[in-house]
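What follows is a pair of complexes built around subunit A, which joins subunit B in one and subunit C in the other.
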Partner chain A sequence: MEKVGVYICTGCDIDRLDVERLKNVAKEEFGIEPKVHPHLCSQQGVEMLKKDASELDALVIAACSPRVKTALFTFDDKYVERANLREGVVWSHEIDEHAQELAEDYLRIAITKAQKAMKPEPYIQEISKDILVVGGGVTGLTAALEIASAGYKAYLVEKEAELGGWVAKYYKTLPIEPPYRRIEENPVFRLVEEVKANENIEIYTSAHIDSISGQPGMFDVVLDKDGEKIQFRVGGIVVATGWKPYDASALEELGYGKFADVVTNLEFEEMAKGGKIVRKSDGGKVENVVFIQCAGQRDLNHLPYCSSVCCLVSLKQAKYVREIGGNAFIIYKDMRTPGLWEDFYKEMQQDVGIYLTKGEIREIKEENGKLTVFVTNTLLGEDIEIKADLVVLATGMVSTLKGLYTVKEEFPDEKAVPYKHIAEPHPVKSEEDVEIIKRAGHILNLSYRQGPELPTLKYGFPDSNYICFPYESRRLGIYAAGAVRAPMEIASCIEDARGAALKAIQAVELVAEGKTTFPRTGDIDFPNFFLQRCTQCKRCTEECPFGALDEDERGTPMPNPLRCRRCGICFGACPERIISFKTYSIDQMASAIKSIHVPDPNWEEGAEEKFRFIVFACENDALPALDMAALNGKKWSPLARVIPVRCLGSVNTVFIADALSKGIDGILLIGCKYGEDYQCHFIRGSELANRRMENVGETLQRLMLEKERVQVVEVSINEWDKIPEIINSFVNQIMEIGANPYKGF
Partner chain B sequence: MAGEILVIGGGISGLTAAIEAAETGYDVILVEKNPYLGGRVSQLNKYFPKLCPPFCGLEILFKRMKSTPKLKYFTNAEVQEISGEPGNFTVKVKIRPRYVNENCTACGACREVCPVDAPDDYNFGMKNKKAIDLPNIMAMPFQYYIDDGYCNKCGECVSACRYNAIDLNEKEKELTLNVSAIIVATGWKPYDATKLENLGYGKYRNVITNMQMERLASPNGPTGGIIKTMDGKPIETIAFVQCAGSRDENHLPYCSAICCLASLKQATYVREQYPDAKIYIFYIDIRAFGRYEDFFAKVKADEKIELIKGKVAKVEEVNGKLVVTAEDTLSGVKSKREVDMVVLATGMQPAIEPIPGIELDEYGFVKAKPGIIPAGVAAMPVEVASANESATAAALKAIQLARR
Partner chain C sequence: MEVDTQFVKDVVGFGGKTLKRCYQCATCSVVCPQSPEEAPFPRKEMIWAQWGLKDKLIRDADIWLCHQCNDCSEYCPRGAKPGEVLGAIRAKVIQELAFPSFFAKILMKPAGIVVYFAIPIILTLLYLSIASPEIPEGEIVIGKFIPHQHIEVAGFLVGGWALLVAAIGAYRFWTGINSEVSKVYEYRLGENAELEAVKASPRFIECFFWSVIDILKHSRFAECVTARYRYFAHFMIFWGFIILGIATLGDIIYIYGLGVEELALPPTDPVKIVGNLGAVLLIAGSLWAITARFSSEKLGYGTYFDWLFLGTIFAIGLTGVGIEALRYAGSVAAYYMYLAHLVLVFTLIAYAPYSKFAHLLYRTLAYTWAKSVGREPQK
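What follows is the complex of A and B.
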């Protein structure tokens, strides 16, 4: 940026610093005459900034933390850089010469970053706002209808000949909205009719997806319908492929496959729908039906998780037994009818023919063609035996993504699983096995370098920060809904379909303007690749958590800007430093680091003031934690310069090298927790940073530098009370080791 | 031209709904009755099952808000009345004075001179605040406020403020909005534990609620995150009483959906600080549904955590110790445990007060009707993940109406 304005606020005790010296930094070192204001965020201060902004490319605001008064200090498309003098200096340090030098460095960093930033231009393409819905069950049907009602065209693809999914096989259903009290007529047929009648929905049944290439807004879909290829372009995708039943043949211990009268809940549902609830063995009348809950679920040998719906389903099916005059016995571990579903449970408890008890199945025996279920550890404390005409196993739901080859990293044929948070590598032994899995049962068939499906967490559930941002998958524009995402009943599927539909609509609207989505929503800047210097090391294409980069045959990255979340992990990965954003670049960061004033090397042995440290802090967690520490009057070493980064994953090892060669004594990276319960908003950034720094450690030792000089720590946003101590002990540790010997070279 | 969307409530559901709709390109107005956004989750120490701090997700939401000019919000604001029809609602909003305007820099000079100490509701009275204070350390907006109930209008803060940010004469305002759709995300309040007479709340100081436990465990809470008895003693034994009010015809007939997991989570707070403490959890059913079962399995593996099936009949104090007695209603088996502290897993009750134009069900949850879209716990008891799903779904229903 050419025209940079510098504004120093002296409010909130910033005037305790030597403001004249700060002004001189801007004036003498950068040739910019700064303006000083006693209350920059006042109406009058902002008016001044607004007026000046029209003549400027960038504004440097030396005041409070970038997290404070952010909207106020935003001026259309002007680049704004904040020097954090309040939380970062005066609130967190004794005001002395050290603090003064710290403030001056923050100003240097901010001005340098503003000067090195460039004006971003959005990546705007001719896009489609149509949305593809994969799966024609309740979730997919709802998603298609809701998308159409919002004014968008939906393509609905179903692999079976008929729409309706599993629910179409049900006799009756749980209620789809409160009050949750009675079983209801199956709503799916009405939904199917509505979908068929909707002009904004194009339906393809008996079809599967051959391939999807491109990027959000420009996904080119090729369908295969009975061998015929159908092509169209969509902007976003909702994955509603649902669930598959847990394979009951693994439940021989409960008599399945051994006794004819032991059936699954799905088989029982089909019997009810066919109007034939009879003994399977001899077609005889059914009087007693025993429902066995958690048939496989909550069991490490089968499905470790709870399928959420099976308690409700058995309660519903108990009602079917009552309709034919029989008695139902439900044996459960815990009756899980959370929230308002308690109403449904209570309603069923009113029925004298439905017996419920906690218990464990000891044995199922067959004598003279009739089953007996032996139950132990019951509520009454005694063992009971129940004669049963039918035993229904409440088997669980498995995500349709489970067992699929989803992303490359889930292949253990490449020695080890590189990312800790993926807990369940598939047991693939050989290249042939890999090929078999690759061909098996694909859903999306994405032509992404990293793999054909949505990346998953444990149990085949799509990877996301599932508490706070449940729909944010690792593939921009593609959102999962319904039982593919987590086991759920129909009411939840309907709601989930709406949520995913909204996200798909939002994605197409944003990419139409060249903007990214969560968490940097609206960011138009995207990474540029100077490919002439690419060495095809493939780090960027492998490490991008969002699969934004494909590869040509030689391994050169092929960027897809509309898939990009703008985390900067690629830019952190590149050893050739050829990836940069306009507003966040290698040159900018390296120059900012070099702008830090490292005192003259003619220093006395052990003189503290000569040490300098850099703290790269994740702007989502570590930076706010530092702000809160400052707000609470915590103090930390004034020798450390905190540089916020989008994600620790965007810290390139060249920053470390530059800092060390400049004479910085130690570098601390503070990022989010990683592993199975990762907190990183870019999924893997902090984990990747950790791995890269391990490699840096080895390099340091070759250079005869102590590896302790570069450290990574994981911190949560609420550990603000610990962060100052983390910085201080790092500083002290390095001061004990001694100054960086490269200082002054 | 699209009509505006109103979101009532600035907790996790309201924020999510508002931000998702605004980021899709719609104009959104959010009203929040507290002086800060973030709602109940901002009071929590950690979320289950990842044991991560709510402020982490809130920070992202706040950041997205700051860069979304389409989203406007009012704090200290309450909806009085709704009339009209889907696509064209008229909404009256009352905005109570904050007495501190946007000039506030959160420098804190006012707080230093304020002579009034007042019990802090955010910390359930376990900590004092000043009559002028920041609502919490990550407050959004990052701006002080005056608590009307305690301020004596002495004017000390006005003289201390260098930024002309305090106006003790600020008056209540009224606002009339015209909106297309209304998302009701008014959330919940903890069930009043004093109604649970047999459980000793209000009678014995070491009987606390699960929300109080969240504050005790929070680094910004009354004890700086150190869990102690109310007499300042370390915890050797502690009991969690599940369904304290929930699944009870005399109190909340429904299940609050989160309390089992919340107590399991709180057991990990205690364990982290006291490796040897004995922890008892009295329950009817442990409802760790879906993937949360993993978390239950992890907690259950702790040998010093004992899960006892049975509804707690009473909590008494005997020789300075609390005695918890549970009875299994079916088997009649009685269990007794002596503990230092009792945490009542009190349930969630809808927070909404009757508003003309919004229909409530028998429990006080908001009924969905065209244009009036409940989200999160306003609709039914749910945990945070489901609240976010519900809020995103609500945003979709709202944009369908707001689109013109």
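What follows is the complex of A and C.
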């Protein structure tokens, strides 16, 4: 940027600094006449900025944190760089000479970054705003209807001949609306009729997806419908393929397969739907039905998790038993009816013919054609035996993604998997194993270099940044909804479908303007690759968490900018440094690091005391933690200069080299937690940073530098109270080791 | 295990309609001031009732250790009102233990009020037609209308019948609470390190004596917090009865000791004063109980079973004082009031083993048993 304006706000205690010295930094070191204002966020302040912005390319605003007043300090598409003098200096340090020097460095960094930034051009293509919905069950039907009523076109693809999914096989359903007390007549048929009547929904049944290639806004879908190929283009995708039941043949200890009268909850539902609840063994009358909860669930030998709906389903099915005049016994480990479902539980409990107790099944025996269920550890104070005509096992839900060949990294070859957050690495020993898994079927068949399906995390459910955005997946523009994403009942599936449909609509609208979605929503700046110098090391194509890069035969990356979330992990990975953003580049960051004033012990008195540190803080968890610590009055060493980055994964190791050669004594990287319960908003950025910095440690030792000078620390956004300790202990540790010997070179 | 759905429906019908709300959190047992620490109540009774386990509940002494303080109903997070449910269970158990049980069933339905009054009214009319007493002239002396010997005979007959039925019920109850079925909890290590069921010890008389002392002092009732009024109201009703009994003793001394023909005591007579004191306690106590029962929906308003008993006591008190007032006023209506009073007293005594009055028997036995096996309330 050529024309850079510098604005210093003196409100919020910033005037406790020596503002004249700050002004001199801009004037004498950069030749820019800065403007000082007592209250930049006021109406007059903003108006002044707006007026000046029309003449400028970039504005440097030295005031509060970049996380606040972002909308206020936006001026069309001018570049804005924020120097954090409030949370970063006056609120988090004692006001002394050190704090003053810190403020001056922040100003230097900001002006340098603004000068080196270039104007980004959005990647605008002609895109489709149609949305593909995969799966014609309750979730898919609702998503398609929501998409259509918002004015977009939906393609609904279902692999069976009929729409309706599992719910079409149910006799009655749990309530889908408040007050959640009554069992309802099946709502799915009404949904099917509505979908069929809607002009904005194009339906393909008995069809599966042959391939999907391209990127959001330009997904080229090829369907196979009974051998016939159908092609169309969509902008976004909602995956609503639902669940499959846990295979009950593994539950022999509960009598399944051994006794004819032991059935699963799904089989019992089908009996009810057919109007014939009778003993399977001899067709006789059913008087007593025992429901066994948590069958094959919450058990490390079967499904380790709870499917969240089975307690509700058993309560519902107990009412079916009462309808035919029988008694229902529900034996549970816990009765899980979360939230408003408590009202449903209370309502079902009122029936005198439904008997509930906690208990463990000791065994199930058969005598004279009748089953007896032996239950121990009951609430009744003694072991009980119940004679049953039918025993219903409340088995669980498994995602349709489980067992599919999803991404390459989950099926490692000889190398150890570096990504610890993959909880269940599939045991794959050979290409043959891979072929077997591939034949298990597919849903999306994406032509992505990284793999054909949505990456999964625990238990075969799709990986997402669950805390912030449950519907997001690791593929931009593709959203998971309903039981494919987590076990849930119909009311939640409907809500999920609405959420995912809205996210898909948001995605296509953003992509139409070349913008990315969560978490850097609205960013138009995408990475550029100077491929002439590429050495085909494949780090970027493998490490990209979102599969944005495909490869050609030689291994050269083929970027798909609309798949990209702009995390910068590829930027941080490239050893040749050929990847850059317009507003975040190697040159920009190197210059910013070099602009920091490192006191030279040869020339400046007292410079031995003035260690200098850089803290790279990720903008998702670390920077907010720093701001919150300052907000709460915490203070820490003024020797550390915080440079926010979009992700720790976007820290290229050349920054470390530049910093050390400049004389910086230590570099601390603070980012989101990684591991099994990872918080990293870009999935693996901090983990990669950790691995790269371990490699850097080896290099440092060869240069006779201590590897402790570069450290990576994980912090959660709620652990802001630990920030002072983290920074101060790092500072003290390095000060004990001693100053960077390359200082003053 | 057989579940008795009809039993569950019966308990619900007797006022335990919130029974099925219980989800076994055991807050009630923790809060109950009467409950022992070992296998406390009323949690287990709630689930036994939900599962229709009639046998266990008939043989359970714990339901009689409950005084319906309603601390449990106050704290129950589900509004299951264990206090009221246990009251309903007690009603059902009285019905099951009484002999003959069909008679108990009749009396416990609201429609049975016809039978309730029909029997004594018919008997009274029978007596009146046989004995043909005349309304005497002059001073109102009850004994001139119906001689005291007739009352004594009637009293012995009715009382004897009630005692017989009560004895049967008491026998069934006592064997029940000492049987194996109720023993989910009362075990101890005996010789040879074998678990022995604890039966009531031979120190029956001693435990009985101390139980009676407890009852006279209402010391357990005093522990209740929530429905505290019940302690006071019941104390007054209970002692009102005893004092009236003492006054009756005074009457007997006058008639058989001092040879008075028929009694018409003035209000200054010491026996009359004692009697009036008892009457005041009785009326005030039952009035308090009646009005306080309406105070809290959360604790439950009570059922026909409760109101029949309470109403009868209150009416007895009123009619008794009514007779006295009418006598002093010189009105012959006193004789008719006396007939009404007799009918009410009959219902109280004859139906005692079938009505809520039976608690006198079962609760005393339960206290005794609990003392003998060491089931004291938690401190």
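A few comments on the model shown:
We adopt the following convention: the second predicted complex is superposed on the first by the 730 of 745 C-alpha atoms of A that agree within 3 Å, B and C clash if a C-alpha of one lies under 4 Å from a C-alpha of the other, contacts with A are read in each partner's own complex, and residues count from 1 in each chain.
Following the convention adopted for this analysis, contacts are C-beta pairs under 8 Å (C-beta built on N, C-alpha and C of every residue); 3 or more make two chains touch, one makes a residue touch a chain.
Source: prediction; values computed, not measured.
In the three-chain model built by superposing on subunit A, subunit B clashes with subunit C.
In the superposition on chain A, contact of A:358 is made with both subunit B and subunit C. Contacts of A:235 after superposition: neither subunit B nor subunit C is touched.
Of the two partner chains, neither subunit B nor subunit C is touched by A:66. Touch criterion not met for A:165: it reaches neither subunit B nor subunit C. Looking at the shared chain after the overlay, A:255 reaches neither subunit B nor subunit C. Shared-chain residue A:335: touches subunit B and subunit C both.
Of the two partners subunit B and subunit C, more subunit A residues are in touch with B. Judged by the touch definition given at the top, the superposed model places A:149 against subunit B, while subunit C stays out of reach.
By the touch criterion stated above, A:386 is placed in contact with subunit C alone, subunit B being left untouched. The clash between subunit B and subunit C in the overlaid arrangement falls on one stretch of those listed (163-171, 325-333 or 361-369), that is 325-333. Overlap of the subunit B and subunit C contact sets on subunit A: residues 335, 346, 358, 379-381. Interface of subunit B with subunit A (complex): residues 20, 23-25, 45-47, 49-53, 55-57, 59-61, 63-64, 66-69, 103, 105-107, 137-138, 142, 162-164, 218-220, 224-225, 247, 253-257, 285-294, 297, 309, 328, 330-331, 333, 361, 363, 365, 367-368, 379-382, 384-386, 388-390, 392-393, 395-397, 399-400, 403. Of all the residues in subunit C, the ones that touch subunit A in their complex are 1, 3, 5, 8-9, 12, 20-21, 23-24, 39, 44, 47-48, 50-51, 53, 78, 184-185. Listing the residues of subunit A that touch subunit C in their complex gives 327, 335, 345-346, 349-353, 355-358, 379-382, 384-386.
Residues of subunit A touching subunit B in their complex: 11-13, 39, 41-43, 64, 67-71, 74, 146, 149-151, 177-179, 297-298, 304-308, 334-343, 346, 358, 379-381, 458-459, 461, 465-471, 486-488, 492, 495-499, 501-503, 505-506, 509-510, 517-519, 521-522, 620-621, 624, 628, 631-632, 672-673, 677, 679, 681, 716-721.
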